[in-house]
């Protein structure tokens, strides 16, 4: 049985306990997960990409089956570069579903890379990076929504 | 790395090329798939369960990584009985998504068994067992919608 | 320019002002509409098929561009039988959309017959045959929800 | 300020902790809630209506602001009979939303009675009467899914 | 029975007859509604916030149960500041539903404040601030889509 | 029978084989289609409007029943200007459906112009201008996703 590697791409601005849940559950299914932060010049991010890499690496410091990388190419090209045969995605809602389906279909068509989906746990469906940023903007406590190991990195942009 | 087995439960009345696509793509992700036909006394089926078992076994006669079984218990209990750590499901549409999410959440809650999802390939989203049965009722050709190896078994109920 | 005929299939149990709106607006686009009531032995209907034919024919007694028929075959076969090159459907909601898309895709695949969609007018989206039957069961007035010309036929089953 | 009464209609076969959450949160908004079990001859129920009344009354034995009744009429007529000016409904998902919208629009049109909606708490979205019945059929423990005070009544049909 | 106050937050750029319908129907359920216009520096608005406040205050000049305010904080914090125990929202469509559910779940989690939902009346579901602005851009008449009392304020930005 | 003209409005940045399929199938239903590219100053486009006009005109150089125009006004006003009595739209997904319904309802309300919908063929649902632009950004081959006759125009912006 060959080693199975999945790419978990996203912007992770910031990485939440919802993302953490997907990675934990995904590790039951594959041998290795590469968390991959995509560059996207047309969007304004709350945390710079170096900070986001640092936060996620802090979370998985003791998990040898998780790697954290950034990339600036087509997602399927980066998957092939790191030896991933699958893309892993979490879906929270119907809106997510339609977007993910379109992208997954296109990725399969142009590269043959398959996407598998885990459904967000019910207790986490309302947690999104967008809402965490909204709370941060008004100086509210977000320690219930991001992984413990990354909290100390949130304070200083 | 331990052997990974997934349960692919359904009624498969009949098994279509849409189901076949999910199994083929799922085998890239896990080592073994158990296709499991659930009894359900409250529904009327077009093909009796023995015929459905026969049809699906004909399709996978030469695929040692696929087993075909029937069951009359909770899906998660049958998964544990056959040593499956995952449930595999295909989703075609938004309606499917909501139903699958509810069932997957309940299955995780009561047993810890995780469900992973593959999205139906675009060219197959309109193919369903319901529509195949509708064609069969009016004696229309369905050979484009069910796997080759099972076609000869469709004629005689 | 050749004559354009569309089939408007349904169960119409009963035909509502929502259906009437689709036919009226469809007649702006095609030259003739054949309203077609499908037999379906597995469902229990409120009004027998003869009564439904009578009600709809009363509504279009003075409209030579509308014919009303019943059929017991695949919808696409009946379309070809009456010379219809299109199927016309109204969509009220997201649930409708997904069902209609699946059926329309299958119909195009097996026969080449195209389906075009009109969207239900906002003020009529809550009117359905199901809700009219619910009102009839409790002897409530439904005269705001079915076309004028068919009201006198509702009283006696 | 006049007394505000809301009707909470359903089949409650059985009443779950999801329903209990809606009632508790609804009581913050209105002064009184009438839980109303509708008769529906065309459906087969798991628990007879007397048992369902008994279970729900056991749950609210010490809550004077909740009444539990059964009815066999249009929901809006029963609302008026018990002096309710609102209908209260919980929505778990997109599928629920579309059905509820259609019914709420029709109820407003024929009676002027308004429906207000509470959204199911994320941790409860996967709990439905359907899934509880499925567990009961296979003799699984359901004590996490129905209110404490009704558990002793589940054993004997 | 204590006084019940609900916050109705939005951007209201401009306030339409769809918003007016939600407020009117919400006043049947609560004693007071605070219409609250949120600042959002990252968006470009058609009407400046002062103009929007003026328009909405003109509409409710004779309704002592409605207050109109602007705020620049988390919505739940502003709710507590004005003594509102509920947030009121209108939902037009499935897309709205998913967004509102996520926000309502987060608001309940961080503050305990409950959101109740009214469904947009069918005849108004197609009316949105976005479409009114589109009409204004091309100098079309919008008097059917905004409340009478605010029309004279639309002309001069 | 009078000539039937439909407007097919969009941004077409760029025009894909998905758009081409809608036009081809729409020509079975109407006599003439006017493809209309809307100006929209607030969006950044990948291809300038002159280039998009040139690409689409290349595709329909030999189809006298198709005209290609740009416009800077309300869509319904431009429809009337070119003598179109209908607007034609393709819908790929549930998200599309809701947006299209809102716009179609508003267009009917302000002008009486009707919108008819064709559903995207299953094999094309994952093809969008957005995804084609994403591929172009990374210099990937897009010749499977845009009509043959326009490919030579893609290379030079």
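As written, the chain order gives the labels A, B, C, D, E and F, with residue 1 at the start of each chain.
Going forward, a contact is a pair of C-beta atoms (placed from the backbone, for glycine too) under 8 Å apart; a residue touches a chain by one contact, two chains touch by 3 or more.
This structure is a prediction, so every number in the text was calculated from the model and none was measured.
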(request) Hop across touching chains from chain A and tell me the fewest hops that reach chain E. (result) 1
(request) Check every other chain and keep only those touching both chain C and chain D; list them. (result) B, E
(request) Compare the two sides of the chain C and chain E interface and say whether they are made mostly of the same residue numbers, over half shared, or of different ones. (result) same
(request) Name the chain whose C-alpha centroid is farthest from the C-alpha centroid of chain C. (result) A
(message) Quick check for you: after a Cα superposition of chain C on chain F, what is the rotation angle, between 0 and 180°, in steps of 5?
(response) 180
(request) Compare the contact pairs of B-F with each of C-D, A-E or C-E and report the one sharing over half of them by residue number. (result) C-E
(request) Starting from the mean Cα coordinates of chain E and chain F, work out the distance between those two points in Å. (result) 34
(request) Compute the distance, rounded to whole Å, between the mean C-alpha positions of chain D and chain E. (result) 30
(message) Taking the mean of the C-alpha atoms as each chain's centre, how many Å separate chain A from chain D?
(response) 39
(request) For chain A, jot down the residues that touch at least 2 other chains. (result) 94-95, 98, 101, 105, 122, 125-126
(message) If I apply the definition of touch given earlier, which pairs of chains qualify?
(response) A-B, A-D, A-E, A-F, B-C, B-D, B-F, C-D, C-E, C-F, D-E, E-F
(message) List the residues on chain F that touch chain E in their complex, please.
(response) 73-74, 77, 94-95, 98-99, 101-103, 105-106, 109-110
(message) With touch defined as at the start, can you tell me which chain F residues reach chain A in the complex?
(response) 92-95, 125-128, 131, 134-135, 138, 140, 144
(request) Quick one: which bits of chain C touch chain F in the complex? Just the residue numbers, please. (result) 1, 3-4, 25, 28-31, 85-86, 91, 94, 97-98, 100-101, 104-105, 108, 114-119, 121-122
(message) Residue numbers of chain C touching chain E in their complex, please.
(response) 94, 122-126
